[in-house]
Amino acid sequence: MNNLAKMVPVPSRAIIPERDLGSTPILEVSHLGISFGGLNAVEDFNIIVGRTEIAGLIGPNGAGKTTVFNLLTKVYQPTRGAILLDGKDTAGMSTMQINQAGIARTFQNIRLFQALSVEDNVKIGLHNQFKYSTLNAILRLPRFWDAERKAHDQALELLSIFNMEHMANDTAGSLPYGAQRRLEIVRALATRPSLLLLDEPAAGMNPSETEALMANIIKIRDMFQIAIMLIEHDMRLVMGICEGIAVLNYGKIIAKGTPEEIQANPAVIEAYLGQKKEA
Amino acid sequence: MTFLSYLVSGLSLGSIYAIIALGYTMVYGIAKMLNFAHGDVIMIGGYMSFVATAHLGWPPLASVLLAMLVCTVLGVVIEQLAYKPLRAAPSLAVLITAIGVSYFLQNAALLIWSSNPKSFTSVVRLPSLKLFDGQLTISSVALVTILACVAIIIGLTFIISKTKIGKAMRAVSEDKAAAQLMGINVNQTISVTFAIGSALAAIAGVLLCSAYPILMPTTGAMPGIKAFTAAVFGGIGSIPGAFWGGLLLGLIEIFGKAYISTQLSDAIVFSILILVLLVRPTGLMGRKISEKV
Amino acid sequence: MKLTKTGQKRLVSNSITYGMVVLAFILVQIVDSTGHLTSSLRGQLVPICAYIVMAVSLNLTVGVLGELSLGHAGFMSLGAFSGVIVSLGLRDMVGAGPLRLLAALLVGAVIAGLFGFVVGVPALRLRGDYLAIVTLAFGEIIKNVINTIYVGIGPDGLRVSMSDQASLGLGETGTVILRGPMGAVGVDKLASFGAGIILVLITLFIVLNLVHSRSGRAIMAVRDNRIAAESVGISITRYKLTAFIISAALAGAAGALYALNYSTVVARKFDFNTSILVLVFVVLGGIGNIRGSIIAAAVLTVLPEMLRAFNDYRMLAYAIILILVMLTSNNDRLKQLRWRFIARFRRGTPQQEVDHE
């Protein structure tokens, strides 16, 4: 690193929805990067996400999309770059602290608490919403009953977003695939995030399920007034609900823009066609 | 001079631990299980050699071969009867079964040979080596033990890197399903691993009893635990790890006894183990485990 | 408060667990009063209670937190010896036996809990077999260190030495409590079956209430999926330590109860084999199944006594039973048969329930 050089901010050609212009963007990422064994998995990643934006992150398999999510949630600590959440630097935070600061996520390979009930999965998401000490729990003090009742009501209310209340007592691992994906979203929402990261939410869903999911993602944004960033291969979903889209290839952003701009971008078409040729 | 003699006893004890640890680590690497009965196979090896020399009047080398043969068969039989049916079972179930096998071997030995300690005559009947005008005496058992350990590690490295069965072992330890798809007989490979590990245990048993000539049904228990510790110390699943882990553990134990405290030697060994694991959570030569998210 | 469906089920299940313990106590009292209790079985009553507490507390680590521990007897040992020291130390000040027992149990729990924290810290960095070996090492260290400690009470209070009895310098008025490898001698037998049952009930109260709470859910979340748990804002550190400390403290109390049932206690009693024995209770009773732990601990403590008829063969039989139980309980074909059998009784579909109790 050269200490003498004067660093200047690089304009990232960011776009955000007009309605979010007046407030601090929920996410500002600059020059984010990570290397694994000398290989740059993600390099110079820049993005700005508006406060109520639905943003898309797309790209061919192995482009580094999930790695970006892992960097944002500090599952991996970035080698380079800065992540500002609601204008505040997140350097040095742990995954747990990131969640408490406002980012919640789902996982590409579903990570539910398989052996526990659906309701308990959501209640675990509510962990930091209705607090009481272990001593309170063991002695079953009034605080316990009060918080547990509130958590129960809140869990059912959240499940009702996807009409899943009747499944509350089922074991999470026994749910059908689509329901497991939806439960993961509910669990993430339970942590009251201001930014929700969805990693391939429509994977394994049939067209009518995907249709319902698209409506639900918009519903969630409107209900909670939060930003949502999603990774998805289903272009109908991405082009249908995302407002800003970033395209990643070989760890680098190759295009950013509105759905229309992305669809017309030659670099994007090549990245996808090139991949088709290999396959 | 005393330092040198401690060094030799440390290396000798460490060699025994290393030979046992190799069995632990090979079985762990391939079958992904902690074979808690391994220490008791050592004890059976000791008794076999004892019976052959003391009762049947066999020459020492023949008794070692008998011990190896019996332990090899025993190891394979245990694997077939107790562990093979549990391939798909949770690892704790396999662990408890291994503990059951350990109890079984100890109590079977108790019935056959009673709890009275047998005094074991060393299989190495050579004079001790005297160096520096007799100032340093190295017992022949210690020397043979160290040499045996070095020979074993060289032989094992050769088998694993050069032979067909060695390649099969590596493949099974990397990915059982993929190995099966490549036409490798997984069950046979696991059996061979148990056979090799148990034959090594027999050698370790004979050497252990030659150096510390008291034989009881529980003789294998503590060295078993120590060798298991050595395997983890070196990084379980790693063959060089088991070798260096064993040697280091033996050295720490002997030097701890000599220079710090005789009574607290076990506490010293285990404290160092904990410290090492805190700095290197997967042992000295263990592979870093990373989870795919 | 209105209970939910799961809440009701849980209440019934917990009541069965507590009821079972109380019923067992009453039954034993009846059998004893009619003179049908053999003296060897009577001698087993307090150890059974101690082992139940050990099994239930280990289940918290192994079943609920999902970490393998091979050194649970180490915590029992700490509780046993600190309990003995406290009970003898208070002999002149507190006359009432039950009060001294209570003090011994509490101190035993606190000391073991502190060490639970000490072991819990490396546990944060390690996983699986590497953590298991650290717990094993811890158990061995405790055994080894206690074997070299001498403790006595002089006129000016407690004296501790690491070399020998003479160096305690107690003079004529003092009493020696702990004699290194000889262990503690002259222990007052303060423990009783009633006290043991109360400790079992308290243990159940603590563990069951913990499991079905915010903290318990967080511990199970860490077990089921560490990364997901972190991603919803759960502190892995905090809940791993919580489970470790509570588990260790309960084992400490069990140790104090156990020790105060005998006049002599040695550190060798709490070795690796004891840790393994308790682990066997937990696995045979069902991992995460608290009621199963109680039954397994009681049955398997009595079983070797029952097998006394076989004399020399009893431990061999025990080993064979252990292996066979593991083989049959993990056999898929037998598992299916069992479910079909249960289904016929329930006249419903074979449904595999996840039972937390």
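Letters A, B and C mark the chains as written, and numbering starts fresh at 1 in each.
The definition used in the following text is that contacts are C-beta pairs under 8 Å (C-beta built on N, C-alpha and C of every residue); 3 or more make two chains touch, one makes a residue touch a chain.
Worth saying up front: this structure is predicted, and the values here are computed from it rather than measured.
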Closest chain to the centre of mass proxy, which here is the mean CA position: C
Far-end chain from chain A, centres as C-alpha averages: B
Rounded Å distance, chain A centre to chain B centre (Cα mean): 50
Inter-centroid spacing, chain C versus chain A (mean Cα positions, whole Å): 43
Centre distance in Å when chain B and chain C are each reduced to the mean of their C-alpha atoms: 31
Residues within chain A bordering two or more other chains: 75, 107
For chain C, residues contacting two or more additional chains: 227
Multi-chain contact residues (two or more partners), chain B: 293
Footprint of chain C on chain B - complex, ascending: 28, 34, 82, 85-86, 88-90, 92-93, 95-97, 99-101, 103-104, 107-108, 110-111, 225, 228-229, 232, 236, 261, 263-264, 266-267, 270-271, 273-274, 277-278, 281-283, 289, 291, 293
Residue numbers on chain C that touch chain A, as the complex places them: 1, 4-6, 205-206, 209-210, 213-218, 220-221, 224-225, 227-236, 242, 354
Touching residues on chain A, where the partner in the complex is chain C: 73, 75, 94-96, 99-100, 104-105, 107, 111-117, 119-120, 123-125, 127-128, 130-132, 134, 137-140, 144-145, 147-149, 151-152, 169, 171, 187-188, 190-191
Touching residues (chain side chain C, partner chain B) in the complex: 62, 68, 122, 125-127, 129-130, 133-134, 136-138, 140-141, 143-145, 147-148, 227, 272, 276, 279-280, 283-284, 287, 312-313, 315-316, 318-320, 322-323, 326-327, 329-332
